[in-house]
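Everything below concerns the one structure shown next.
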Amino acid sequence: MSIFINKQTKLIVQGITGRDGSFHAKQMMEYGTQVVGGVTPGKGGQKFEGTVPVFNTVAAAVEATGADTTVIYVPPMFAADAIMEAADAGLKFIVAITEGVPVLDMTRVYPYVKESGARLLGPNCPGLITPGESKVGIIPGRICAPGPVGVVSRSGTLTYEVVYQLTRAGIGQTTCVGIGGDPINGTNFIDCLEAFEKDPATKVVCMMGEIGGADEQNAADFVKHHMKKPVVGFIAGQTAPPGRRMGHAGAIISGAAGTAAEKIAAFEAAGMGVAKRPLDFVELVKARLN
Amino acid sequence: MSIFINKQTKLIVQGITGRDGSFHAKQMMEYGTQVVGGVTPGKGGQKFEGTVPVFNTVAAAVEATGADTTVIYVPPMFAADAIMEAADAGLKFIVAITEGVPVLDMTRVYPYVKESGARLLGPNCPGLITPGESKVGIIPGRICAPGPVGVVSRSGTLTYEVVYQLTRAGIGQTTCVGIGGDPINGTNFIDCLEAFEKDPATKVVCMMGEIGGADEQNAADFVKHHMKKPVVGFIAGQTAPPGRRMGHAGAIISGAAGTAAEKIAAFEAAGMGVAKRPLDFVELVKARLN
Amino acid sequence: MNIHEYQAKDILRKLGVPIPAGEIATTPDEAEAIARRIGSEVVVKAQVHAGGRGKAGGVKLAKTPQEAREKAAAILGMQIKGLTVMKVLVTAASEIASEAYAGIILDRATKKPVFMVSPAGGIDIEEVAATTPEKILKLPIDTRFGLMPFQAMRLGFFLYDDLAKARAASKIMQQLYTAFMQSGCSLAEINPLIVDKAGQVIALDAKMGIDDNELDRRPEIAALRDETAEEPSEVDARNANLTFIKLEGNVGCCVNGAGLAMATMDLVKYYGGEPANFLDIGGSSNPEKVVNALRIITSDPSVKAILFNIFGGITRTDDVANGIVTATKMNPLKVPIVIRLTGTNEEIAMKILSENGFSASSDMDEAVKKAVALATGGQAA
Amino acid sequence: MNIHEYQAKDILRKLGVPIPAGEIATTPDEAEAIARRIGSEVVVKAQVHAGGRGKAGGVKLAKTPQEAREKAAAILGMQIKGLTVMKVLVTAASEIASEAYAGIILDRATKKPVFMVSPAGGIDIEEVAATTPEKILKLPIDTRFGLMPFQAMRLGFFLYDDLAKARAASKIMQQLYTAFMQSGCSLAEINPLIVDKAGQVIALDAKMGIDDNELDRRPEIAALRDETAEEPSEVDARNANLTFIKLEGNVGCCVNGAGLAMATMDLVKYYGGEPANFLDIGGSSNPEKVVNALRIITSDPSVKAILFNIFGGITRTDDVANGIVTATKMNPLKVPIVIRLTGTNEEIAMKILSENGFSASSDMDEAVKKAVALATGGQAA
């Protein structure tokens, strides 16, 4: 079992003929993801890699392929439109990889997607992977292995680091989800925790947060009141100065709010395991798997 | 019993110090409606008629009075804003009397109100009355009497005509609702029919439609499939030429659609009683009350 | 309110829609001069608020300026559906490779503006909808978000497979939507939207209907009203704040409220008569409105009897009675009048009327029957 | 990106916000000339991207042009929170009757721009929020609808009981919101918003922060960037497409990915060191980026050791290795370097590095420990 994607997921790739889109479409196909179609306006009728049909619009792609999920690799100024096109076409799961989407665009995209009933992951996220079944996005498949741990993170390479440590230690994953580092994104920690709690195959959840905002504090509250499964948390940015954006648009300490100390205290108050460094996840998870 | 309003209804009047607002506020108070407050920006702190507190904003009025319903008498260019202000302030029933609201404004107002969970009646409507309990709007109280008939209509004076005939014949009403003659309005025939069907006091429903659109046809379909109570219908505009707007923005036959003949046929197909002229309601209702 | 083709084209051209050069002429001389300036074949097009101009002979091709003069002379002054042609648009002719349709209507069912586009353009879109609905794409637009780029592209690709043409069309869709919203339209259409021999996507004809409720806040659009292109009695009524529509019958009707006005007309028909008009004096009871209403009704020579039907709610029936008395003193009536009044201040109204020699009833059916009888040759009671 | 007070005021003034006359000066001479043109008492205000100017002595009243020259001479060149003042705004002084606060921030919790207004202005709004929260009205704005008139009026009435002042404030709220949206802001504030002795509502100070992601589509806003007001190494890094933030420690960090970069800095601290910077080379693995990254890190004299931590996903670790080799050939390192690489093409990368005399590890903790030891006086392994 897994959350959000599995063997049955039928994926289209928006921006499939672009540089990033074509590279990652191939990677996903190699991993075993069912890539059933792609979208690039003006390239409708072509075949990607000789097999995957390309369409001019998402609506046409969905109608022809019966896809349920999409992954978006389009430039930042077109990402909001691409997400809304996907929601409008009836896709139920939309993964937006694009980095650099203006936050004001997201203030319109978020309610639009919500009203459509779809789930958005991202933008500015690495996507997700259900090891051995399907990957949607850019998480390297070979660092993952199937197993009982759910992983959710705001970051890309930090996720890889933790997953890599887990896999090396013989601990596999149900699904690894990168929710992205932007201030407004479609899926938050709680959405993922809720899904992991419901997924019978997931036994322990690893959660990597960072400075900025209150999502981790809210997530800790959710863990405390609504979860039976153990959760291990980590916060990146303990050495970050206030008022400076640490790469991610969302990773910024505003005044006294959103500090790592505040978040770690929330984890502790929720009875969560707290990893002081990425390596600590291995022992903390092991202890909770038994 | 009744629908939408009753003795408990706590009303505020938006535009209470204006010409129409003040006139009708007095009329409603005389009828017995609980007018708990009014709104006119800049007149906050005053008392209307020495008793009703006036506020600068709807939010302030709701907070101070606990009102649940509002009636709007503001000029057409400000009506959309007034409706959205009411919905934003948490009012659950919004009656917009104002005539001449641009239809494009309503394309934004409608989803806004819907998302807020409020019910909008109108705009460009006479409001409604639950005889002997409460009136909200401009329907003359003295032509009504309490009784077992629900009345719903797109028109103002035509409603009065029918209600007057019923009352003269000794047939009273649970609630009389004017939904208004605009192409986009908040409450339609079906909403009212559904409410009358659920109201134990209502035994027969009278419905006055007019040319234009398909609301009456849809309502007939609803009567056929979802109503146990008898409904008597009338359509105004049998002599109207196609393509001309008959006063109401919504009363216009487009091509071959929205004609009186089409609507009357729908009533007949639904097994409804059909009044050929306003006077016919009396006998048709009497026959169905027994 | 309808505006002319040339006015709609001006609006669209300002927003960037590609439209052939053209100017308006009110005389054959002007038409010839415009054709000379354009310097190629032109089309001379009657500017009237009526459909079916082409079939009526109101649209003609002219190969030379001289020919443009002749066609303009033929078209100016002609009658199309009862309206006299006062202006022609003289516009450069295009070589048409294909014709499409693009329109937006304010749709009451979806409560949204709805785009309709079809690669089968140049003909009546309602016919396309009836016979080959698969050739029409209907796309409701959520005005909270506007026409989104992906929607515009989808409309473009529905018309053209080729990316360049689809992009050009999608840009025109954005411009048409902007025009629709900025002008307060209830309808805006380009029919035909053509591809010319050079592969350019061009609007050859344009039509816009404005929501009357928008005019107060859009004076620049309100200024486009052409009263010479409308029925004079309707212009007169509008200027007097009355809602009036001329019909073909002989019973002049004066009613308060649109629904009751229609019901009154219907009742005239029910009792064997024919209404001469729709006339709603509205909710207020200004005696002056009644005076104007009577003037407008009696200016129609086919009116043989006048019927007042007033249900006094906000309207005070005594005001109406006073209006009738004043108006008939100013201009004595040449046809019989039947008055039905009920509601607010009914007793006072009845007294005013009887003191001035009018009788009145409080029963609608009775009044209508009497008016019909009078119009068809009977006698007033 | 932050812009200066005078730039924010220019944007607001164009939208109609009442703002006292003012001009920018870079020399005492210019300041005197401006004060003379203004012809009344002026305020001389340091233009730097730092809060607390007033407390630092960067804001001074000047009664005469001569005095404006003196104050400008004192302020120009002064250091405020490590930044040198290069420009002053010389602006007409106002007589203040009352001070309020008005601001909009892009709020992640509500996922909307949120208005915050308070009649307790002129001071730190966070302090008001903490001590007297009832004096703040927070109003989230749904960008699908924009700031609606009733909301603007509600904000106005929260500040002023008087209708004229509430209307004036509500108009300023609309203008502030327009500025926020048109400029792609994450923050826009007017503090203080004052009422002067004549009863006029006026913006005395303005501040705007722009979402960096907006700059590509808003070249006119991007052009407002003042590189002289920023840390030079950060300007350098941005121009090389790197995300870099200078810190106070001595372990220079070069990482791919923001989360991993923060975690690496934290681990430096965990093992007793202090990071000299945040540096994210991003997802692509262009060797040139690595060259630029090394140049920027080594330009900081306090850096005693350099730590690379690269997790190869999209990033090819061999590209990074090649970048390190190229950069160190061009500019031989004066401090030790510790390299951790793992993931895509790890074996190739390790081979390139060892052939060029570098050792590398695949273990993050080990690498960090070694870098800390080197920076604090230990030896490279």
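Lettered A, B, C and D in written order, each chain numbered from 1.
Just so it is clear, a residue touches a chain if its C-beta (ideal position, glycine included) is under 8 Å from a C-beta of that chain, and two chains touch if they have at least 3 such contacts.
Given the structure is predicted, the values throughout are model-derived calculations rather than measurements.
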| item | value |
| --- | --- |
| Between subunit A and subunit B, the fewest steps along chains that touch one another | 2 |
| Reference subunit B; chain at largest CA-centroid distance | D |
| Centre-of-Cα separation between subunit D and subunit C, whole angstrom | 57 |
| Gap in Å, rounded to a whole number, between the CA centres of subunit D and subunit A | 28 |
| Sites on subunit A at which at least two other chains make contact | 108 |
| Subunit D, residues touching no fewer than two other chains | 144-145 |
| Overall pattern in which the protein chains touch one another (line/ring/star/complete/other) | other |
| Chain pairs that touch, as defined at the top of this document | A-C, A-D, B-C, B-D, C-D |
| Residue ranges of subunit A touching subunit D (in the complex, touch as defined) | 76-77, 99-104, 106-108, 110-111, 126, 138-140, 143, 153-161, 164, 181, 183-184, 208, 210-215, 234, 236-241, 244-251, 255, 260, 276-279 |
| Sites on subunit B touched by subunit D in the complex | 41-42, 44, 56-60, 78, 81-82, 84-85, 88, 108, 112 |
| Of all residues in subunit D, those that touch subunit B in their complex | 145, 148-151, 153-154, 157, 161, 163, 166 |
| Residue numbers on subunit C that touch subunit B, as the complex places them | 106, 108-109, 111-113, 126, 142-144, 181, 184, 186, 211-214, 216-217, 243, 245, 247, 255-263, 265-270, 274-275, 278, 280, 283, 311-314, 342-344, 364-365 |
| Subunit C-facing residues of subunit D, complex | 144-145 |
